[in-house]
Amino acid sequence: MASAFRDPFNPDHRLSSGCSCGEHASQADHDQAAALGGTDDLAARLAETAIVKAVFGADPARRAFLRTVGTSTALAALSQFFPLAAAREAMAQAPGPLEKKDLKIGFIPITCATPIIMAHPMGFYSKNGLNAEVVRTAGWAVIRDKTLNKEYDAAHMLSPMPLAITMGAGSNPIPYTMPAVENINGQAITLAVKHKDKNDPKQWKGFKFAVPFDYSMHNYLLRYYLAEAGLDPDTDVQIRAVPPPEMVANLRADNIDGFLAPDPVNQRAVYDGVGFIHILSKAIWDGHPCCAFAASREFVTTMPNTYQALLKSIIEATAFATKAENRKQIAEVIAGQNYLNQPVTVVEQVLTGTYADGLGNVKRDANRIDFDPFPYQSMAIWILTQMKRWGQIKGDVNYKQVAEQVFLATDATKLMREAGLTPPAMSSKKHVIMGKEFDPAKPDEYIASFRIKRS
Amino acid sequence: MRSLALRSALLSAAIFLLFIGIWQVSSMSGGGGSQVVDDEYARLVGAAAATGQKTPFPSPSEVGAKLWQHLSDPFYVRGTNDMGIGIQLAYSIARVAGGYLLAAAFAIPVGFLIGMSPLLYGALNPYIQILRPISPLAWMPLALYTIKDSSISSIFVIFICSVWPMLINTAFGVASVRREWTNVARTLEVGPLRTAFRVILPAAAPTIMTGMRISIGIAWLVIVAAEMLVGGTGIGYFVWNEWNNLSLSSILVAILSIGLVGMALDQGLARLTRLVTYQE
Amino acid sequence: MSEKPFISIEGIAKRFGAQVVFEDVHFGVRQGEFVALIGHSGCGKTTILNVLAGLDQPDSGAVLVGNDAISGPSLDRAVIFQSHALLPWLSAIGNISFAVRSRWPKWDGEAVRSHCQRYIDLVGLTGAETKRPAQLSGGMKQRVGIARALAIHPKMLLMDEPFSALDALTRGVLQDEVLRLCAATHQTVFMITHDVDEAILLADRIVLMTNGPYAKVAEIVVNTLPRERSRHDVHKHPHYYRIRNHIVDFLVERSRRFDEDRPRDYDPMHPPEVRPGLGEPPPPAPLRAVT
């Protein structure tokens, strides 16, 4: 379960990783709290988490400290140094009148956008006083341009995109922010049915692959996966950007051999008998970020209250979506014509993790897709290392600075600054990708450790 | 000869029925087959996949059902992203009309000046020749970048694609007005404005209308592609959206409606052209 | 020329590049007079008419109306074009009213309409008012052209081979019409033609032009036939064949060799006026062997 929802003052839980929810004493309590309407304090907890993490850094120290002094004492002690209550309040409710109520939010019709989409029909936006319109958009370049043009106030993006926009890769550099990750996992490598016997990527030399966008986790994960199997993604195979709606049609037409794509594209290929799911992306990196909720820095700074309300809606929707028992209901709501425009069963298989794999097997993996709003800056740094690794960005990169600017770990950082305090560096976490550890403190060494690279 | 029209109509209908018949038969032969997977799996996939096949091309009866579904409620609005085919067509027509009328408002006066002045003609011709063959969609990223509004960008793309035939035809039509007609106006001491409107404009009108007819055809071709690119609303977006859903039946319905609207626009302008055409 | 001409052509010349089409052209048209200009193709006949109409400028010389040089086209000088030049998108009456409205812009619709109708009737087109030019025969089209020119009450009518595109029968009928109309209105007319019979039938004086390049006015034939003529009996008049033979002789022989055989006293500013109908001897025969 998402770590952002965990009580940072519970000594029995690790903050940085893991899957079980530590927020409540019992599962029943948790369910109740996480259900629609029970998430009011989530944002506040997010602020606390950030501060506690910032103060104690590594988990062992925090645990030792809390065991020694007890939770309430710890809170009291911390309150002397940090205006926790103020931060909590600031995060918990929109502090002032909304600058703008009618918002347009762009999305691409894929399940990654689940929180952004479902917040509309399920009333998360309206609950926070927003009259948001969610607009289905034709492609990543269009969603980028429409957001840059301010036709959209905020948008669903691939998590590398705000980084790329900020760095000026593929567009003019414009300060961009990513206040929340939308989903983790939820992608898959799908191959054409004719390749059903080629389960080892070493057999894929000469394959043509599609990814949704050059600046996408899909691209980086596929390249990583191929490179680990000894294939050079630039010379041994072809990888091209194909908009998700065109992927199944291209697979069917034999224009491509496979793709690493967001759902429901993978499941749709199975549904139409065109492809099979080779692996889920969580097999490459369990807990990888995929899509993001992004807004321009200008929007964040000129409309802070609106931004807070919007972020709160998304975080609440995300929390609702993390619950396995809500997934079926969500699938029904977002599969409709106004949103994903897909057969309900396809969306349901993606969200519930009980799915047909295209080879005649029914597989069950409840974590096929999960939702976690917390934008770890370490994720940003990993993405930057891959941009560097594959030559998308050149020269020296100030990984930490870019990551901090774009992946707004929580608004707590901002609130602390406003309070005149110097926020310590956010604790990033180490990630494990295909068994290999990534230390965000040593990005250059990490890049250097790969045999196949462009830098 | 009255029966010629009748016979053509009969032949038309026969060709249509034959085509539909072959289509129906060929789409039926692909179907069927027994389930090759267990029931649980079969519930999770489409009917074709359950029998170990790919989802086939829709049959005419499926397309017909889809057509009826779209036609029975063409103007519903159930949300930002879910509107009836009639509404989508209306959006496209409105965009085409906007860009096209802007183009006409620009191209006809400017074409007039170019046609009247060999100096301007010589000076502007190289630009026109370079700009004319550019695919209008190539302007789209540029338009989005500079105009910063996708719907105005679509209108701009329509403008830029429909402006050239009108501009060139107007200039050509004006430049090739017969000398004796302008001489008539001169000997009657007709002022320049009256000459422009009463002699040159009617003389060049058939050529101008031909340009306008070419333009409306191009504009209608381009709007579909532009909307597929930019999305939001419009029949092009409808096609994109149904592609996203892999619903070939809906795409076929959209194709049919695109063809019908395109024909209506062309016929409308053909009628207007007939009004201004004169026989020498 | 005894009386002051209504319009006088004063030494005009036209060049195309180094090529001189005509030069030193002098002649005049008096009030109420019908002057025809005859010459071979290439002598610049149409250009002279266009200069008179104000549609073209001479490279030197001037055309004077009264004491003023003309500077451009004028409603006072109506043109009947060889190709009728009707606006094809307007009806017969529409073409006429276009001209009438140009002449009298302040007239109301009814005044314009009745005025146009009068001229439609005058040229015998009653019933064909609403027809487009394409629906009219060649002769009818030229009738519309004549009506258009007459309807604006010009001080002078300029006709550029008005009947050359018509078949012989129609041409004859129209010639009679023009003769009748001009006689009735004492219209001042200048006409270009290459048809000798037409010139003799219609004109009071016939300007003979030599061949181009360097075309000039060789002489002016005074038509001594009585003014009341008709196509059917004009050739029975004793003057007729004398005049005709004189002109044909000029066109066949002298127009070509004028510069070689030019009379010693030839002065382009005052081209000789001859009256062959009276049996005057032709200009002094050149001293040369008959070949």
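Lettered A, B and C in written order, each chain numbered from 1.
Here is the rule we go by: a contact is a pair of C-beta atoms (placed from the backbone, for glycine too) under 8 Å apart; a residue touches a chain by one contact, two chains touch by 3 or more.
Treat the numbers as computed from the prediction; the structure is a model and nothing was measured.
The touch graph of these protein chains is an open line.
Looking at contacts between chains, the pair that accounts for the most C-beta pairs is A-B.
Mean C-alpha position of subunit A lies 92 Å from that of subunit C. The centroid of the Cα atoms in subunit B and the matching centroid in subunit C are 56 Å apart.
We define each chain's centre as the mean of its Cα atoms; on that basis subunit A and subunit B are separated by 41 Å.
Subunit A contributes residues 109, 133-139, 141-142, 145-146, 148-151, 193, 244-246, 248-249, 252, 268, 270-274, 336-339, 341-343, 345, 349, 354-356, 358, 360-362 to its touches with subunit B in the complex.
For subunit B in complex with subunit A, the touching residues are 36-38, 40-41, 43-46, 48-49, 52-55, 78-82, 141, 144-145, 148-150, 228-232, 237, 240-246. The part of subunit C that touches subunit B in the complex is made up of residues 53-55, 72-75, 77-79, 81, 83, 85, 87-90, 98-99, 102-103, 132-134, 152. Residues of subunit B touching subunit C in their complex: 180-181, 183-184, 186-190, 194, 198-199, 202-203, 205, 276, 278-280.
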